[in-house]
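Per-chain numbering from 1; labels A, B, C, D, E and F assigned in written order.
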Amino acid sequence: MALLPNIEYAEATPEVRAVFDDIKATRNSDYINNFWKVLANDPATLRRTWTSVKEVMAAGALDALTKELVYIAVSVTNNCEYCIHSHTASAAAKGMTPQMFRELMAVIALANQTNRLANGYRVDVDERYRAPLSK
Amino acid sequence: MALLPNIEYAEATPEVRAVFDDIKATRNSDYINNFWKVLANDPATLRRTWTSVKEVMAAGALDALTKELVYIAVSVTNNCEYCIHSHTASAAAKGMTPQMFRELMAVIALANQTNRLANGYRVDVDERYRAPLSK
Amino acid sequence: MALLPNIEYAEATPEVRAVFDDIKATRNSDYINNFWKVLANDPATLRRTWTSVKEVMAAGALDALTKELVYIAVSVTNNCEYCIHSHTASAAAKGMTPQMFRELMAVIALANQTNRLANGYRVDVDERYRAPLSK
Amino acid sequence: MALLPNIEYAEATPEVRAVFDDIKATRNSDYINNFWKVLANDPATLRRTWTSVKEVMAAGALDALTKELVYIAVSVTNNCEYCIHSHTASAAAKGMTPQMFRELMAVIALANQTNRLANGYRVDVDERYRAPLSK
Amino acid sequence: MALLPNIEYAEATPEVRAVFDDIKATRNSDYINNFWKVLANDPATLRRTWTSVKEVMAAGALDALTKELVYIAVSVTNNCEYCIHSHTASAAAKGMTPQMFRELMAVIALANQTNRLANGYRVDVDERYRAPLSK
Amino acid sequence: MALLPNIEYAEATPEVRAVFDDIKATRNSDYINNFWKVLANDPATLRRTWTSVKEVMAAGALDALTKELVYIAVSVTNNCEYCIHSHTASAAAKGMTPQMFRELMAVIALANQTNRLANGYRVDVDERYRAPLSK
C-alpha cells in the first residue's frame, strides 16, 4: 500500500493539473497512472520528474522503444516491481514484441551474470578499453 | 589485480584454445581480452559463458547494438567497471555514436531515479499493468 | 509469508523475553513488531541485532530522527519493503513531517540518479576530494 | 579514466558556461568539479541535473546538511566512489564533524544488515505499518 | 502476476518437453516449478539456463548443499523473493537444518554490513591481499 | 584513499588496543588489517563489529570455511573490492582451493543471472515454497 494516497485530478491543485494535462497531451491518452498520482503529493517533484521523463525518453539519437528497453533493464536489475510492469506495458505499446521482450530478459540476465564474474575475479581493464570515446 | 592470472593462448589447453579460436572467428579479430583470459582458469565456465554470450548477444528480434546498450545499462547500474569499459568499446564498434552514449547515460540515470521514487513511495501497480503480455 | 514463524512473548525463552523486555522499555511501548518476533527464532542474532540497533540508533552527534532518515535512504535504495514501512512509521513517530518525507524521497532519487552518471561516465575523483577527513 | 573528457570553461559553449556560472554563484566558489565538467559533454543532461541538484539539495523542511548525509547513505549503499568522496567533502563543508561521519557510517552499515535480515526471513509487514502517512 | 503465462507440459513443444523431462530425471521428481514453466516461453533461454543450473549446481569441489547456501546468499542480497523461497526449499531438501539457515542469515547480514563499512570509509586493500591465488 | 587514517597499535587508546589484542589472539596472528585500523577511528563501531564478526563467523552448524564462501558471495554481489580481497585470502587460509574458488564464482554468477530472470518475468512463488521451515 502506497505511503501517500493517490491524488485524483478532481482534487488536484492547478500546478498538479497542469502536469497531468501535459502527461495526457504528450501521451495522447486520458490515463494518469498511480506513479504520477502519488508523486502529486509533492508537486515540485512531480513537475521535475515529469519534465525529465518527457525530455529524456523522447526519441533522439536513440529511438523511444530502445529507451524503454534500457529502462526495463535498469528496473529489472534494481527489482522495481512497479517500473517493470509499467514500462513493459509502455514498451509493448511502442512496438516491443514478445520475442523482443524474451531477448531483452536474456541479455539482462547475461549481463548480471558476467558483471559478477568480472567483479569477482577482479579482472583488470584492458589498456585498449581505457581510451575515452572520441567526441 | 585479478585474483587469477591471465591464461595466454600459448600456455592454454586445447579446450581453452578451442574457445579462444571461436571468439576470434566470431568477432573477426585476433584480440582476446582479459575477461576471457582470466575465465580460462576455469575452462568449463569459460566455455559455458562464451556459449551464452555468443548465443544471447547475436542479432535476433533485437539488433546487436541494442543488446550492447542494454548490457551497458545493467553494468552501470551494478557498477561493473570492467563491463562498462569493455561493452562501451564494443557498442562503439557496432555503431554507437557519442550522442547515443550520452542519451543512454541519461536514460539509465532517470530509471535509477524513478525506480527509487516508485519503491520508496510503495506505489501500487495499476490494474491495467498486471495483465501478462500476449504470447 | 515469513520463512520462520513469529515467536510470541508467551512462548519465548527467558533469553528472548529479556530482549523483548528491553525493546519495550527502551521504546516505551508494549508493541514488539514482526521483525523482532521472527528474529527470536535465533536468540543470538536477536540479541546481537537489538544491541546494535539500540546503540547505533540512539541520539549522538546525529539526532535520532536524522538517523531514521538515513536508515530509510538505505532501505529505499535496497528496496527493503519491510524496512521502508517500519522505519517510516518510526521516523514519523520521531517528528518526520510529510513534507520532510517528500524531500527525503527527492534526495534519495536524486542521489541514485547521479550515482549512475558518475559511475557510468567513470568520472575521476578530483584531487581535492581525496584528502581524508581531519580527525 | 573517464569515458568522455572534461570540458573546461574556456572551451565550453555559452549554454554550458551559463550552467557553470550558476554553479559558481550558487556555491560561492570558483571550483567546478570533474562531475560537472564531464556532464558538460551533454549540455541538456548538465542543465537538467544541475537544476535538480540545486532545487533538491537546497534547505527546506530538511536542512542542507541532513540532505548531504542522506546523499552519502545512498552513495555508500550503491558504492559510488566519486559520490562518496565529493559529498563527504560537501558535507564537511556544511558542518559535518568526524563524529557525525562515524555515526553516519554506523547507521548505513546497520541498515544494510537489517535490510537483509528482513528480506531474507521474508518478514511480513505489520498491519500497523501499512497505513499511509497522513497528508 | 507473471508477465508471461506458465507453459504446462501438455501444451509444450517437444524442445520444451525434453528440458522438462531432464529436470524431472535429474531431480528425481515429477514437479516442474513456475520458474521453468515461465522460462518455457523462451525455449532457448529455458535450455541454456537449465543446462547451466545442472552443470554449475552439481556437486564438485563444493558439495551441492554449500552451493545452495551460496545461491541463497546472492538471492537475499539482491532481494529475489522467488529465488529465496525456491532455494530455501531446495537447500532444506538437501539437508539444511533450521540452525544452518539461521547462521546463514547471520553471515549474509554481517557481510552486507561490513561491505558498506569498507566501501564507505574507502579502506585501501592491504598489500598482502593483492597477490592472486596460486593456481 | 581511505577517508580516515589507519590507527596503528602504538597510537591506539586502551579500548582499541583491547580489540586489536583480541583479534590477534583469536586469529593467532600479529597482523591487523586496514579494515580494523580504519574502524579504530570509531572505537564503538570497532568493538561492535569485531564482536559480531567473532561471534557470527565462528564454526557452528556451518563450518568456518562455508561461512567465508557465503561472505564472498555477498561481497561479489555488492562489489566490495576490499571484502573480496580480504575474504578470499581468509577463505584460502581456511582451506579453499582454487577449484573451490572457481566453482564459487560460477554459482555466484549463475544466481545473479537467475535472480533477474525470476524478477524480470515476475514469476509467482509456487504454493509449495511458501510454507515456513519447520522449527
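We adopt the following convention: a residue touches a chain if its C-beta (ideal position, glycine included) is under 8 Å from a C-beta of that chain, and two chains touch if they have at least 3 such contacts.
These numbers were taken from a predicted model, which means no experiment stands behind them.
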item: Chain located farthest away, centre of subunit E as origin (C-alpha); value: D
item: Recurring contact interface, reference D-F, options C-E, D-E or B-E [over half identical by residue number]; value: C-E
item: Far-end chain from subunit A, centres as C-alpha averages; value: F
item: Interchain centroid distance [CA atoms averaged], subunit A/subunit C, Å; value: 28
item: Rounded Å distance between subunit C and subunit D, as computed from the means of their C-alpha atoms; value: 19
item: Interchain centroid distance [CA atoms averaged], subunit A/subunit F, Å; value: 34
item: Touching two or more other chains - residue numbers and ranges from subunit A; value: 1-4, 41, 44-45, 48-49, 52, 56, 77-81, 84-85, 88, 98, 101-102, 105-106, 108-110, 112-115, 117, 119-122, 130, 133, 135
item: Contacting residues of subunit A [partner subunit F, same complex]; value: 72, 76-77, 79, 81, 84-85, 105, 108-110, 112-117, 119-122
item: Complex interface listing, subunit C residues touching subunit F; value: 1-5, 41, 44, 48, 51-52, 55-56, 130-133, 135
item: Of subunit D, residues touching subunit F in the complex; value: 79, 84-85, 88, 98, 101-102, 105-106, 109
item: Contact footprint of subunit D on subunit C as seen in their complex; value: 1-4, 31, 33-35, 38-39, 45, 49, 52-53, 56-57, 60-62, 66-67, 69-71, 73-75, 77-78, 80-83, 85-86, 88-89, 92, 97-104, 106-108, 110-115, 117-126, 128-130, 133-135
item: Complex interface listing, subunit B residues touching subunit F; value: 3-4, 41-42, 44-45, 48-49, 78-80
